[in-house]
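Each of the next two complexes has subunit A plus one more chain, namely subunit B in the first and subunit C in the second.
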Partner chain A sequence: MIAETGLAALWLTAGLAAYQLVLMLLALRFDLPVSRSIRAVAVVQGLLSLLAFAALLLVFARSDMSVALVFANSHSDKPFIYKIAGAWGNHEGSMLMWVTILAISGALLALFSRKLSERTLIAALGSQAVLALGFYAFLLIASNPFDRLFPAPPNGQGLNPLLQDPGLAFHPPTLYLGYVGLSVAFSLAVGALLTGEVDGRLARAMRPWVLGAWVLLTLGITAGSYWAYYELGWGGYWFWDPVENASLMPWLAATALLHSINVLAARGALKAWTMMLAVIAFSMSMVGTFLVRSGILTSVHSFAIDPERGTFLLALLTIYVGAAFALFAWRGATLKEGAPFELVSRETGLVINNLLLSVILGIVFVGTLYPLFVEAVSGEKMSVGGPYFNAVAGPLALVLAVLVGVGPLLGWRRERRPVLRVLRVPALLAVTAFVITIILSASISLLVRFGFAAAAFLAASSILPLVRRNPLRTPLATWGMVVAHFGIAVALVGMAANAAFTSERLAVVQLGETVKVGPWLVQLEDVTPTAGQNWTATEAQLRASRGSGPISLKPQTRYFTDPVTETNEAAIDTFWNGQLYTVLGKADPSGGWQVRLWWKPFVTLIWVGGFLIAFGGALALGGRLWRMRTRGPAAASWRRERYA
Partner chain B sequence: MKPKNQRLVLVAAAIVAVLLAVLLAMWGLRDRASYFYTPADIAIGKAADGQAIRLGGMVEAGSIVHQSDGVTIRFRMTDGQATTSVLYRGIVPDLFREGSGAVAEGRMQSGTFVADTILAKHDERYMPPELGNLSAEHKVGKTLEK
Partner chain C sequence: MSRLRLIPIILLLWLVSTFAWRLIKPADPAVRSQLVERTLPPFTLAPIVAGKPGFTSTDLATGKPRLLNIFASWCLPCIGEAPVLEKLRQRGVEIDAIAVRDTPVAVQTFLNIHGDPYQRIGTDPQSAVQITLGSSGVPETFVVDGRGVIRHQYVGPLTEANIPGVIAQLEALK
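Up next is the complex of A and B:
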C-alpha cells in the first residue's frame, strides 16, 4: 500500500506541475490574477513530492522486498541507518530525492518570496514547474522507484559496501540540496528574462538561494572529498574523477554567480552576465546529474547502465539548457546595462574573478567531456585525469587565489586610493613563504611552492577588509566574505603541504616488527579476526609513537557477503600537525602482512578550509536574511550595500 | 566609459575567456590524456614507451608472481589475443584476482607495463565498462545481474 501511495502522489504532483505551468502561461499571456492560486499549487506540489519520497523511505525502512528497488539495493540485516540511506543510494531513489528537493524549493520560493514583482515570481514558478515536470516524467516513464516484484523475494541483494558509511547518509543529500537549490536561481533568471525585470530587486531575491545552494555544495564537496580520502584507502583527497568534476562544475559556476550577483544587487550592473551565469550554474547541475545518472561513466556513483535512461536524461538536459539559452539570446540583448564603472574598481575585480572562474570551469568541462566525445567520434577509449587538470587549471586557480586577496580592498565604481600600498605585508609574507619552501626542501614542484606563497598572501590580505573597522558594526556579510576567503588560504596550505611533505611507506611487516614513516615508528603488534553486524574483518593492531606516548591504530580489511565484497577500512589518527594514515593489505606467504602508511602533515587543513569557506557563506546568508527581515525590502538599497 | 562601450568590452572579455579556456584545454589534452588499450593494442605497438595509458584485460590465471620485497607483483594481462606483462608495486585492490578483469594505469617501459594504480571491479556485479565484452565470464555476470 505504501508504495502505491507514493506512486499515486508522484502522478498527482506531476499533474499539479502541469497545472502550475498552465497558470503561468495564463498569467503572462492574458494577465489573469493567478498569483494566489499558483503559489498554493506550488506548495501542494512540494508537499506531494515530499509524500512520495517519505513513502520510499518507509518501504526501505521496513525492508519491503516486494518493491523491486528495495530488493536490488537493500538487505534485511543491514544496519538501520543504511537501510534509510539505501533509499537514495541508487538510481531511482536518488532521482526521486532530486525532484523532491526541486519541488520543495519551488514551494519555499512561493511561500517566502516577498521582494519580487508578482509577474516575475509567477514566471519563475512556471519555469520551476517545467523543470519538475520533466523529471517527474523521467521517474514515471523510465525509472519508477515503486515497481513491485511478484512474488516477493525473501531477501534483498544488499548495498555496495563502499557506500555503507556514515558519510553516505549525508553526502548525497547535501550535494543534491546544493544542485537543486541552483534551480531556483535558474528559474528566477528565466522568469526575469521573460518579464524583462532584471534589476537589483531580482538580484537581492536570488542571492539567498545562490548563497544557500553554494554553501551546501561546498559542504557536499568537502564531505565527499573526505569520504573518498578515508574510505577508498588511497590516501588521496581529490581524484579528478568525472563524478567529482560533476560536482565541481556547478560549484565553480555558482561561485562566479555569487560574486556577480553582488554587482547586480549593489550597482545594477552586469545584468546579462549574471542571468547567463544563473542559467549556466543550474545547467552544470543538470550536466552533473546526467553524467552521474546516465551510467555513461565508470564510477562508484553510477548506478544505472541503461541507454534508455541516459537518452531520456540527455533529452531533458538538451531541452532545458537549449531553451534557456535561446531565451537568453532573445531577451538578453534588450537588457539595459546599469551603472558604469572605471577600470580600477570593485566591479572590475569581480569581472576578473568571474572570467577566471569561467575559464577554469571551461577547462574542467572540456576535460571531463572530452573522453566521451572522443569515444563517440573515433571509438577510442581514453581518460583524462590529474596530470591535465592540475597542470592546466592549477596555475589559473593560484592566480585567482592571489586576486581574491586584492578584490575586496577596492571600492565600488572607482578606486583612487593607493590600494597596493596596504598589500606590502601580504606580499612580503608570500615571498617569505616561497623562500622557506626552498630552504626546507629542494624536491618540491614549482606549482606547490607558488601554492604556499599564494596561500600566505591570501591569508594576510583576506583579513585586511576588517582592519580599522569596528568588528561589531561590520556587517555579517563582510565577516562571511573574510572567513570564506581566509578558508581558501587554509585549504591551499593543506593541499600544498600534502603535496610537498607527505611521507609514504609500503612494506611487508612481520608481527612485532617496526617500520618508520615520517617522524613515526609504527609496530605491527597483532592481526586478529573481528566482525560487525553484516561483515567480518581482519584487523591489525598497530602501535605508533614519535617521542611521546604511543597510540594504537586498527586498520581493517572487511568482507561483506551481500554482495560479496572486500573493503579496506583505513585507520587514521589526527594530530594538530597532520594525520597518520594506515591501511592493512594482504597476508604475505612469509607470514607477514602488507601495510601501507602515510604521514600527511597538515592535510586536515584541506577540509578545515572547505568548512571555513562554507561557514563564511553561511554567515553571509545569515546576514542577508537578517537584514531583509529587520529592514524590509526597500531599505536594503544599494546605498547600504555600497558600504557592506 | 559609456555603458554601451563598457558592455562591448565585457562581451569581448567574455569571448576571450572562452577562447582561452578552449585553447588551454586543447593544449593540455594533447599530451595529458591517457588512452585505454588492451594487450592486443600493445602488441601492435600502439603505446609509445613512457606515454601514460590505461591497460585493461583479464588477469591471466596462474600468472601472479610475488617479488621478494612482498609488495611488488608481476602478472600477465590478457584479452584473449595477446598478453602484456605488468609490474605493480602496492596493495592490490580488494577484488583483484586471477581470472577476473582489471584496469591498470601506468606506462610501457621496455616491453613491461609499469602500473601506478590498479583498478578492479568494486564488487561481483560491477565491471569497468571498458572491459565491455572481453570475456564470457563477464557476459554470464551480466545475465545474472538481470
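Up next is the complex of A and C:
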C-alpha cells in the first residue's frame, strides 16, 4: 500500500504541475487573476511530491523487498542509516529526490516571495512547473521507483559498500539541494525575461536562492572531496574526474552569478549577463546530471549506463536550456543596461571576477568533454587529466585569488581613494611567503610557490574590509564575504602545502619492520582478522612515532558479502600540522604486507577552507534574510547595498 | 547583436548532438593494444608445466602465422573458450599461450579438465609480459604472422562464431 500511495501521489502532483503551467499561460496571455490559485497549486504540488518521497523512504526503512528498487539496493542486514540512504543511493530514488526538492522549492517560492512583481512570480512558477513536469514524466515513464516484484524475494542485493558511509548519506542530498536551488534562479530569470522585468527587485529576490544553493554546493563539493580522500584510499582530494567536474561547473557558474547579481541588485547593471549566468548555472547542473546519470563518460562514479534514461535526460536538457537560450535571444536585446561605472570601481572588479570564473568554467567544460568531442570527430580515444587542468586553470585561479583580495576594497561606481596603498602589507606578506618557499625547498614547482604567495596575500587582504569598522555594526553580509574570502586563502594554503610537502611511501613490510615516511617512523606490529555488522576485515596494527609518544593506527581491508566487494579503509590520524594517512594492501608472497603511507602537512586546511567558504555564504544568507524580516523589503533593499 | 545572441543556441545544439551521438553509439570499453601491426616486443617466458616448453618473442617468428592466447586457470571465460581453441588446433592452427598470474598445479589441473590445445605455455606471474603486449585482461588472443608481427587482437573469449574468421585470417597470412 505504501508504494501505491507514493505512486498515486506522484501522478497527482504531475497533474498539478500541468495545471500550474496552464494557469501561468492564462495569466500571461489573458491577464487572468491567478496569483492566489497558482500559489496554492505550487504549495500542494510540493506537499504531494514530499508525500511520494516519504513513501519511498518508508519502504526502504521497512526493507520492503517486494519493491524492486529496495530489492536492488538494500539488504535487511544493513545498518538503519544506510537503509534510509539507500533510498537515494540509486537512479530512481535520486531522481525522485531531485524532483521533490524542486517542487518544494517551488512551494517556498510561492509562499515567501513577496517582493517580486506578481507577473514575474507567476511566470517563474510556470517555469518551475515545466521543469518539474519533465522530471515527473521521466519518473513515471522511464524509471518508476515504486515498481513491485512478485513474488517478493526474501532479501535484497545490498548497497555498494563504498556508499555505506556517513558521508554518502548527506553528500548527494546536499548537492541536489544546491542544483535545485539554481533551478529557482533559472525560473526567476526565465520569468523575468518573459515579463521584461529584469531589475534590482528581481536580483534581490533571486539572491537568497543563489546564495543558499551556492552554500550547499560548496558544502557538497567539500564533503565529496573529503569522502573521496578517505574512503577510496588513494590519498588525493581532487581527481578531475568527469563527475567531480560535473559538480564543479555549476559551482563556478553559481559563484559568478553570486557576484554579478550584486551588481544587478545595487546598480541595475549587467542585466543580460546576469540572466545568462542564471540560465547557464542551472544548465550546468542539468549537464552534470546528464553526464552522471547517462554514464557516457568514463568515471570512478559510473552509475547505471542506460541509453533510455540518458535519452530522456538529454531531451529534457535540450528543451529546458534550448528554450531559455531562445528566450534570451528573443528578449535579451530589450534589456536596458543600468547605471554606468568607471574603470576603477567595484563593478569593474566584479566583471573581471566574472570573466575569470567564466574562463575557468570554460576550461573545465572543454577538458571534461574534450575526449568526447575528439572521438566524435576523429574516432581517436584519449583522456584529459590533472596535468591539463592544473596547468591551464591553476594560474588563472591564482590570479583570481589575488583579485579576490582587491575587489571588495573598491567602491561602487568609481574609486578615487588610493586603494593600492592599503595593500602594501598583504603584498609584503606575499613576497615573504614566496621567499620562504625558496628557502625551505628547491624542488617546489613555480605554480605552488605562487599558490603560497597568493594565499598569503589573500589571507591578509580579505580581512581589510573589517579594518577600522565597528564589528557589531558591520552587516552580517560583509562578515560573510570576509569569512568566505579568507576561506579561499585557507584552502589554497592546504592545496599548496599538500602539493609541496607530501611524503609518500609504498612498501612491502614484514611484521615488526619499521619504515619511514616524512618525520614518522611507522612499525607494522600485527595483522589480524576482525568483523563488523555486514563485513569482515583484515586489520593492521601500526605504531607510528615522531619523537614524542607513539600513536596507533588500524587500517583495514574490508570484505563485504552483499554484494561481494572489497574496500580499503584507510586509517588517518590528524594533527595540527598535518595528517598521517595509512592504507593496508594485499599480503605479499614474501610473507610481508603491502602498506602505503603518506604524511600530508596541513592537508586538512583544504576542507577547513571549504567549510569556511560555505560558512561565509551562510552568514551572508542569514544576514540578508534577517534584514528582510526585520526591516521589511523596502528598507532592506537600499540599506543592504551600502556595505562597501 | 541579435545574431550574437544565437551563439548559445548553436553551441547547445552542437553539445546535444555530440551527447546524442555517444548515446546512440556507446563507447567500446575494450582496450585495444597499440602493438597491432607492429613486431612483438622482446620477452622471455619460463615454462610453467612439465612437458610444455616456455618461449621467447623471437620463437613466434617461425615463418608460419599462429595464435598467441593469453589465459589463466582462474579465469571463467577461459573455460568457455577452451573447446573453441581445441577445435582450432584440430584444424591445424598452432597456438602458444601465456598463463597469467598462475601456478603450475592450477594450470595442470585446468589443462587436464578443459583440454590442452597449446604447443608451448609460458608463465607471466606478474602480468609483466601481458602489459607489454597491451593486453588488459584474460582471455585475449593475438594473431601473429610468420615474421613475428601482431596482425590482430581478439579481446575476450573466442567463440564458435570466430572460428571461420580466425582460419581465414591465418590462411591469408601464409
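Note that in this section the second predicted complex is superposed on the first by the 630 of 644 C-alpha atoms of A that agree within 3 Å, B and C clash if a C-alpha of one lies under 4 Å from a C-alpha of the other, contacts with A are read in each partner's own complex, and residues count from 1 in each chain.
Please note the rule applied: a residue touches a chain if its C-beta (ideal position, glycine included) is under 8 Å from a C-beta of that chain, and two chains touch if they have at least 3 such contacts.
All figures in this text were calculated on a predicted structure; none of them were measured in a lab.
When the two complexes are overlaid on subunit A, subunit B and subunit C occupy overlapping space and clash.
In the superposition on chain A, A:392 makes contact with subunit B only, not with subunit C. Ranking subunit B and subunit C by residues of subunit A touched puts B first. Residue contacts after overlaying the shared chain place A:590 against subunit B, while subunit C stays out of touching range. In the superposition on chain A, A:372 makes contact with subunit C only, while subunit B stays out of contact range. Once the two complexes are laid over each other on the shared chain, residue contacts for A:507 go to subunit B alone; subunit C is not touched. By the document's definition of touching, neither partner reaches A:169: not subunit B, not subunit C. Across the superposed pair, subunit B and subunit C both touch subunit A at residues 298, 305. Contact residues on subunit C toward subunit A in their complex (touch as defined above): 1-2, 5-6, 8-9, 12-13, 15-16, 18-24, 26-27. By the touch rule above, subunit B contacts subunit A in their complex via residues 1-4, 6-7, 10, 13-14, 17-18, 20-22, 24-29, 32-36, 52, 54, 66, 69-71, 89-92, 94-95, 105, 122-126, 128-130.
Residue ranges of subunit A in contact with subunit B, taken from their complex: 160-162, 270, 272-273, 298, 300, 305, 336-342, 351, 355-356, 358-363, 366-367, 370-371, 380-385, 387-388, 391-392, 396, 506-508, 557, 563-568, 583, 585-586, 588-590, 592, 594, 596. Against subunit C, in their complex, subunit A makes its touches with residues 276, 287, 290, 294, 296, 298, 305, 307, 310-311, 314, 317-318, 321-322, 325-326, 328-329, 332-333, 369, 372-373, 375-376.
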